[in-house]
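I've put the structures underneath this note.
The same chain A turns up in both complexes below, where it pairs with chain B and then with chain C.
Up next is the complex of A and B:
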């Protein structure tokens, strides 16, 4: 007893554990171990299922839940059931890539133009338009898809369901992301540079060519890749606007087959998709960093935050 | 150095933003080669006026003449004036040389000539050897010089400068003030300079226009503005002033008799024919403090309310018997009498330093230095 009290007074060589813990809790300069722990638990919780799914893509056996050795059978070795040889899987992959490619090429220029327009438009209505442009970011995708479905089956029957409708759908929802990214960049560029160029004698077209486009390039590159990633991930819009087997995308295929006769080939397909998406996002990030190097910290960081916000919002879609 | 002389004339210039009148019918004549400053608090219309001259804004009324030719409908890229921006507005993706050479592409200049002129401009602003850097790798002062070189390389007859030193620290600012003045005198270019900093305006300008609410309040050489402010606003914006409400009456000899409570003051001069309510204005450094009990013309008893030690001088605030507060600058000449709070003193307001001004409806700003950055 005497011992403990001495320790509690802090006279002893080592304070009691209770005392130390209390001290840590009160120590605002200490390492935030509790927060770190929670963070790591969350990271494990979100990543482990993905890692497991990837692991079974490399299974030698047919099981998607029991480890049965390692192989590349489900990617291309298996002559009938692999992603490469199963026509339903490879056509889904092809459809997904086609949609992503066109969505990327159409949504980016449109989104850049829209961002420029919104940036410059002052006056009645501009505030409302600003908010409405960003609405697709928060609209439940299901509502959005149902709306588009009605549109293409009634008012725009000429287009009808199918690949074109799917591309239009993807372009529609991904344009908001382009607008967010490009406007962030425009805000950091500011209006002064364009005025300065005009002041030095550059006619309007030269201002665009020599100042605006070079400075927007990082945002344009990032937009291309993010639209690609958004499109290739999409399930709901693709599903609603599909017209049959040849317009089935990878997420649709995986969903359908998971209910019927799943093989590790589905995991292999998902693994391919994940890799492609991660590559696209990683590339977007790198390109942006490289192209905005030497511009002075603040702007580049602000921009990256914008892109990351875009990626985050995309992930929650 | 260029064809035109660089005379700028503004004729009834008006710019409105919705209900707000930013520039309210400005008339101005700036002869070629003058260092002309527009000085005023935020929102006084000085930056808008500059942007109108540059062509970034379209005037609602009025004309902007450069060497007698109206250019108010000419787009900015065809105007023979160049601007130095407060933010510098350097192109971040181009090197310093490319920035400086940007505008030469639009003038009929051979490549060799362009390279020579870029070199000369860089020498002029003392930036030799930094040509291959990107603007992001330069300090604020260096960026400012690049912005200056980029505009000067085009040899414009008129250079517009929008608070070019606003983002720099105090020491660098003083160095660059001297340098700007040197460059302006060397090249004999018309400088139209916008600032809210009275020191900058006083140091560099040939003439200063003090602006307020879209109008020019007073325009003249710095000395004239400081010595003979025509309004309370100008008196307060350029330097510090004591402004005491008085009753004025003409004394028949060009001056005025001012009644302040039970006291009568004499002002040697009185512009205009002011009667009734007026403001007596005197600079703090021209008020004399004398021992308590000293009597005579323009002397009033008061009590020291506060003493602020400022190194090179003391700022003594004296409350007069009438209730008015007078600020007195007592120079620190080594053997100055020390004043303390509560001391009774006699305040001497020499008649030749007293000016009589019209009363000003809105309270004039007391601290022009503390004015926030220009937003207009």
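Up next is the complex of A and C:
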């Protein structure tokens, strides 16, 4: 596409200056300044507020709405109010990390198994299984959370609300993401190697363990980190399944205190969470790229974008 | 050839998980909505359809009809979502169009910046605005300095000059801000796939740039627009936290707030479950309509 554009523009640019200007207006391949302007204003609008919120985290004063010098006071220097010294903030961080850790460890193997099963399983029941896998992705998060909340307060009272319920909730909505990622990878691998191994006499479990799992490693690594990021960012499910102060997560803490005019420690907490999420995703991208190097094919960033764009109708964030 | 049974064995545990924590959970909404309560207002779900009690559902339906207590909230929710979707289209289309067709060498970075908001927690992005729209925040100072607050007051979508003090305009713009990335990416994907030869052909056949856009590009990107619209409509209709963070006033509350209040608030869980059922059915209509139009499009493409 870029080549054509350059070529067409080259042809358009040949005539005199005046003609060229008129030409640009008429030339559908010219660079539309207006569109570029709208796009960049939108990008600034979408990112700058977050950058400012991060900036205020480093304030040396107490304001969350104006720049007041620079310090690390709200991260750990302040003996009472900083993220590391205020127990309500540090416990939220701990709870978020705990949930993300367990969600990642449970959702990934389940999702990988489901993806393998769905990819090759033909026959009665497979269509229903496919639909069941995709449903959590298009269910509005409020409906999803209300359902789990009522489940854990009635039929599954044994489990009850709290950390276990929160982990289960996170696993349930992130499993489908893993399935989408792994199935994408399975489609690229194809079935040849697996068939070869089976023809050479490998027992079924060995085919899975020694052929498929190694080939799926990049997708598994990416899934682990993406589940981690999804879990850290989640608000609605965590809130509905929380049982009290010690199950409060970072987004819940921000939600509860955002309007209560506290200190920039809340910004510092949000900044830490954002850094952790972006690190996990950056790592997912790098790992996927490194492990699939030399294979060509689509870009990992496009895949990450596609995963969110294509399927997440529930708005998991 | 790997034997077939192994795939079913692999798929079984995750499917059981989904059945328990997704299907049964969804059914729990129905059982509680069609159930009863104890004297302490604790919900008693009726799992057997033969025992269903339609009282709460009837109540919920009466509430959302004209004259009911939830009716104003329902109307407001639809109005907010419709305006927010229209604004998303007006802002999002040019952005997606530019990123897909004209970004050229900066395409990688533009795409990265368009994807970035996905991965910043929604709550964090709303929180950033509570900093900026506080009475002494940068954004509210700038907006009031430019007289935008007066303009909004004239238009009747704002009352006074406190941007976080229960303003419809703030809630709608926050919804746009929050969900616009979810609209832009599917649209981008559909515009990116668009066959450029068709646009060239329309131009060669004498269409003006506007005609070419209106009669070629726009119809071809209809499925992308629809996909984006559904993707943002679903979460917007279930949203309660945006309103809580950006306003918190009962004058701007949405249907999500009503459900949230019933279910998490205490004594009205059954009514909340019934209302959730109504909302789900309403949203299901959306999703089915969307699926049907996608299928029609596919059929058209193959013939």
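Assume the second predicted complex is superposed on the first by the 262 of 317 C-alpha atoms of A that agree within 3 Å, B and C clash if a C-alpha of one lies under 4 Å from a C-alpha of the other, contacts with A are read in each partner's own complex, and residues count from 1 in each chain.
Here is the rule we use: contacts are C-beta pairs under 8 Å (C-beta built on N, C-alpha and C of every residue); 3 or more make two chains touch, one makes a residue touch a chain.
These numbers were taken from a predicted model, which means no experiment stands behind them.
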Key: Contacts of A:190 with chain B and chain C, given as first, second, both or neither   = first
Task = Quick one: classify A:129 as touching chain B (first), chain C (second), both or neither.
result = second
Query = Which partner does A:200 contact after superposing on A: first (chain B), second (chain C), both, neither?
reply = first
Task = Based on the superposed arrangement, let me know which partner A:270 touches: chain B (first), chain C (second), both, or neither?
result = second
Touching partner for A:279 - first (chain B), second (chain C), both, neither = neither
Query = Between chain B (first) and chain C (second), which does A:290 come into contact with in this model arrangement: first, second, both, or neither?
reply = neither
Request  = Would you check which partner chain A:245 touches, where first means chain B only, second means chain C only, and both and neither mean what they say?
outcome  = neither
Key: Which superposed partner A:213 touches (first chain B, second chain C, both, neither)   = neither
Key: Contact breadth on chain A, by residue count: chain C or chain B   = C
On chain A, the residue positions that both chain B and chain C contact, one per complex = 195, 198-199, 204
Task = Using the touch definition up top, name the residues of chain B that touch chain A in the complex.
result = 54-56, 75-79, 81-83, 85, 87, 89-93, 102-103, 105-107, 134, 136-137, 150-151, 154
Message = Under the definition above, what is the set of chain A residues touching chain B in their complex?
response = 190, 192-193, 195-204, 210-211, 214-215, 294-296, 299
Task = Would you mind writing out the residues of chain C in touch with chain A in their complex?
result = 1-4, 6-15, 17-19, 21-26, 28-29, 31-32, 43-45, 47, 91, 94-95, 97-99, 101-105, 107-108, 110-132, 134, 136-139, 164, 177, 179-182, 185-186, 188-189, 196, 199, 203, 209, 212, 230-232, 234-235, 237-241, 244-245, 248, 256, 259-260, 263-264, 269, 272-273, 276, 279-280, 283, 287
Request  = Spell out the residues on chain A that touch chain C in their complex, using ranges where they run on.
outcome  = 1-2, 4-5, 26, 28, 31-32, 34-36, 38-39, 42-43, 45-47, 49-50, 52-53, 56, 63-66, 110-111, 113-114, 116-123, 129, 132-133, 135-136, 138-144, 146-151, 153-155, 168-169, 171-172, 175, 194-195, 198-199, 204-205, 207-208, 229, 232-233, 235-236, 239-240, 250-251, 254-255, 258-259, 261, 266-267, 270, 273-274, 277-278, 281, 301-302, 304-306, 308-310, 312-315, 317
